[in-house]
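As written, the chains take the letters A, B, C, D and E, and residue 1 is the first residue of each chain.
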């Protein structure tokens, strides 16, 4: 969700100015992790400095530098100088409100992605800005905070499972994209569960509070849609790309990411339809309830108002009311009351109001 | 319907990992069937192993291997090795939540389709993931369970009816696609009947339960739309394809499949419009009923409330109320009651409330 | 309207199988008519057999064979053999639920169209499946039943009016397409009249029955839209076509058909907007009526309930109620009644509820 | 607005038949005006015959022939013969329900436009069918009636203001298109004023009649949209055109017309949004009013119904009702009445119903 | 927002006529400012005449002429002559209702933009028409009034910060576009805050006035959308442009502007969804309130109407009513009253109406 208040922090700055638009978290340390591997060797270092990474780059291996915490402008600046990155790229790294995209800077590719996580206890979707810089033999990933969804990729590198140790940096970049998109399914699974809860709730007990919850959920699925839709374009751009940074083999895998993003979007669309159904059913339930209330009122009033009138008539104090003296007048009136009430009730039954 | 909970089973796996996302049905056996034919000969074997098929392949005939039950990873792995299939293809075979698509792996084509079936007794649409692998002289079909819609195609092969025995594997693949799409019409026929029932029900007796039923039906037609729409793209891709796996003659038939998918989608759109009409009429009926209820209440209350007031007046105990002593007061009051009631009724008739 | 129940009749048949999906009308005879003409000569024969036509074909004239009644599979089969037509074409002739389209079979063009007719007395749109086969010097038209909209074209041929006698088969095919599309305007004219009736009715006397009528009409205009929209594509395909069956001069006329189909679709869209307006106004009228009913109830109840209360107070039987003995109490109470009622009425007038 | 009843007048006629579809105005005379000019000379003649124009054509000047009243088929036929115009073109001139379009007949261009005018007193938009035929050195404009929006163009020609006298026929055709589109802004200005009146009215005094007015206005803006949208395509076609009838300089001006049509459409879209807002606010106002009415009823009924009950209790005639003899019973009951009424009122105030 | 009443001021004028369509502000002076710079030198002059600028143009530096106040036709005319600008360009400068666009006049580029500003105190968005003319070494910016958003750009030029002093006129033009788009985020930030206020207000206290406010806000975000959407096309056109006025380096920056416009549009779309949610929740709240009111009425009426009837019965004056003489009749009736009232209340509790 592009939050304009954050973006406007940069208002009036020279383009390429380094301004961090995320939440200030000055005390949070920046953690740099390096994984350097090829089919045979594997080096993994954590909590190092950028300078420490220098030795591993440009060797005949794939280096993956992960920087958690992009609020430290000094380190970002250093990164820019070390790898000759364009100022606009650095600006995009820091602009945590930017939308997913891919920029081709000839000798390296730059991708912006959104990592999302659902916290079921507070029912809030956490989103994190993730950037990938890829060039031959090197992938740099930049995230807002420590903690990510890349664990399984690290595991696969460590265990040497699958193709990852035998492939280049492009496959690593693909694997990171893929795991981010795969994680959307996890979040969708949780949201899907919530929506089914809504569906049950709206049928059994339509509370006004559900309206807010449904609209909140709608905003969240729209957010997911906005995060994943551009990833489709990124995958398509990489598929079409003539950059020699992407091997033909990796393109087969990117087609897979492309398919997955379409599936995420289709699921999101389905969720929106389901939420719209929930709203429809809710509104109709409220209507039905009201209709029921009105019927009760109408039945009671329609039965008793005429009877009360009749009772009122014989409560009048006229001197000359012959009925008042009749012996059987009182039971006769009760008979009228009962017959009238039963007749009305029968009529309401016939009209299916009861 | 992409069910995220199923897809997320694979979360974090290496791409190309073989994980079955369908319902575990470990005890269900995998049934492999081979039909090998050309214009003159026909061999049909059931319950064989993959190795048994080996002998028939690469002969001057069309082999159709059907594998019912894709949950057995061993057999799928064996299939992959036997025909040198790409790991991503095998992953797509197992990912029963994948959407319909076509992938061109140069020497073979891979198609994902959705087979649907409507069970009128429980009013549920059954869907099954079907994959077709086609190369020269060979079609492999993979389904989730035994039982399919391919019966008529088998029959045509056995009887040597039509062009099928004289044509190649591309025509067989077309025939399988065609029968899957044709089956959508059967399901639509059943759904169409249900929707007409809704239309009648909503006019004669608008029950709140119809709302749920209509929304459920809406989800089902959307599901069909999502299943068949990509088939259009598949047919179009095959029509445009320059692959020499597809003969020009078969392309004429694929144009037919293309037309049918459009017809399915148009019918689905019409069903959606009809369901929307049902909802509109339902909501309006509820409104009308309520309006009718209110009218009854209003008529009764408006007639009797003033009369009751008048009765109340002559029930007051003032010592000096000259009317009370009048001889004809009581009949006069009754006259007033009756005239007022008739007047009100006439006025309501005039306003068309009665 | 693709009626799935009809299409599914063919389920499982070999493609190209001849199955008639229309209503069985076994007893209805097939009527074959031949008109053979050039600028100078004119032969017209009716009730002949296909074999009788043979003599006129391939001569230096335009032959128009019209076959009314496509349910006779024998004749259709004979036609296929006589003119070497593709089995899929014959299938499309018989599939009366197929959508309009054009197929180019190199040496002949095949068009599917929908002829519609409105029967104002029963307010139902009749639709008929029409196919045109065109090759050099020959147009074959196939219809479901006798009775069509081609009369004016026949008349023009007979009278030698216009360009038709001097032009080739392509112009005849155009003339038939044109008259079918022109007939849509006639139907739209009738529908437009009905919609205006709806508009008047909904303002003067909003009946619940109008809702159904409007939704029924909506389905009919959607049906027209679905019938004519593909004709646009057919005309566009013929305009772009490089087939030498279409002369450049005829293409000018096809541009006209193209324009007309757009006009039909625009009119249909306008009708949909008008129908939506009718629904809006209907719903709002119902709402207004209800609101009016509620106002009457409220006004009556609000005036009399307090008065009834006051009457009730002086109907109490307390021994010590000093007012009861006052001489002027009774007229005073009446004064209170009248003042209160007038005050309330004035207040309602002020609030514009009366 | 394509009025099918008018178009169907031509039903069954040979294409290119001259049938006037506008309102018959047989007595209205056809007025032909000629303006012939170049940078130096200017001839202006009115009420002449077509033959009189002959002399000015093909000279080294721009001739503008304006024909007001296209219902005279003889004159239209004569025009066709004189300039060798295609029969379909003449048909389009007479078909006053045709939509705006451009047809390129190689040696001349043919444009159909719609001239609209708003009559504020009757709040109706007048529309008129206008055709332009342009070839080298000649523009023929054909309109339904006398009276048009071309006045300022004539003025500019007479005064020799601007580029018009120095430019060719293409610039004149552009100027006519431009003034027609410019006039849409005038009409939109009037409509905009009306919509603002609606907005004020709906807030101050929501009358049911506004619904009809809004829906009527909606149809009118849709009509404008339909008239101007194809003009965009016309301008685009002329911009792309390789016809040597259009100079490069004039194309710059056509870009301007193109921009204006987009602006008209955007304004129309905005008007539609505004009308939708008016409807929303109207419906919500009606709802609010009803809600208010209900509140009044509820408040009155809820306060007095319990009090009336209590008064009724002490109106009962039981022999043994000790309260009836108490000295202070009557004032005590009044105290109860007043406290209860005040309590209820306070509660309603607290619930914000009063 | 294209305001037709302003555009129609120009009605009938020759194209290219200089007519100012903005608000007449004859007394407001036109202020011309010149900034001329290169990497080393900087000249800044304010309140000069156009002629004074002449000296600085065509030197080996970038000149930025800013003209605040375009209502002075004389100065605009002088500008046109001085730089040989096309009359249509000048017309577009004066047409303050024109939409954003880019026109390529070969030797110079012309851009129309919209500068917006939000005044939170009056909750109105101010919009201003801004034109940029760019050629080699020269940028001319034209605005309606003094006061703009270009301050930060001026500051960057003065301080020599960033690339601006080292780059050409294309970079300056980019910087001006960029700051205008960046300012949209500021306005969106303010609007976003207002929308959140709406969301809170609608939940805590749904007032009818919110409806108007929400519809007003909707118009404003639509206006922003209309202002920024064409800027995307402008940036895209510049990116694709083969004009040698734009360097390859600047195109990288234009990609950034392009991304920002998409972000603005996405935010606007999100705002629209949020406003739609606010309306939904508002309408549902009104409904809920009404439903609550009805429930209270129904509960009170349903409890007391039957009791009042019973009291009425014992208020009748029949001579022969045995109950009246019973000793415990009165307490017994009270017992009935209380039991009935409690029973009803319990039933309502059970139905969850209380």
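Following the convention adopted for this analysis, a residue touches a chain if its C-beta (ideal position, glycine included) is under 8 Å from a C-beta of that chain, and two chains touch if they have at least 3 such contacts.
Since the structure is predicted, the reported quantities are computational estimates derived from the model, not experimental observations.
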Output for shared partners of chain A and chain D reads E
I need the rotation angle between the copies chain B and chain E from a CA superposition, between 0 and 180°, in steps of 5. 145
Check the residue numbers that chain B and chain C use where they touch, and answer same if over half are used by both copies, otherwise different. different
On a C-alpha centroid basis, what's the spacing between chain B and chain D, in Å? 43
Distance between chain C and chain D based on Cα centroids, please, to the nearest Å. 26
Mind pulling the residue numbers of chain C that touch at least two other chains? 290, 294, 297, 301, 305, 308, 312, 315-317, 321
Classify the inter-chain contact topology: is it line, ring, star, complete, or other? ring
Ring order of chains, beginning at chain C and proceeding to chain D: C, D, E, A, B
Under the stated contact criterion, what part of chain A meets chain E in this complex? 1-5, 7-8, 10-17, 86, 88, 91, 97-99, 101, 103, 208, 211-212, 215, 218-219, 222, 226, 279, 283, 286, 289-290, 293-294, 296-297, 300-301, 304-305, 307-308, 311-312, 314-317, 321, 323-330, 333, 337
Taking the touch rule as given, give the residues of chain E at its contact with chain A in the complex, in rising order. 151-152, 155-156, 161-164, 175, 178-179, 182-183, 185-186, 188-189, 192-193, 203, 252-253, 255-256, 259, 262-263, 266-267, 270, 273-274, 277, 280-281, 284-285, 287-288, 290-291, 294-295, 297-298, 301-302, 305-306, 308-309, 312-313, 315-321, 353
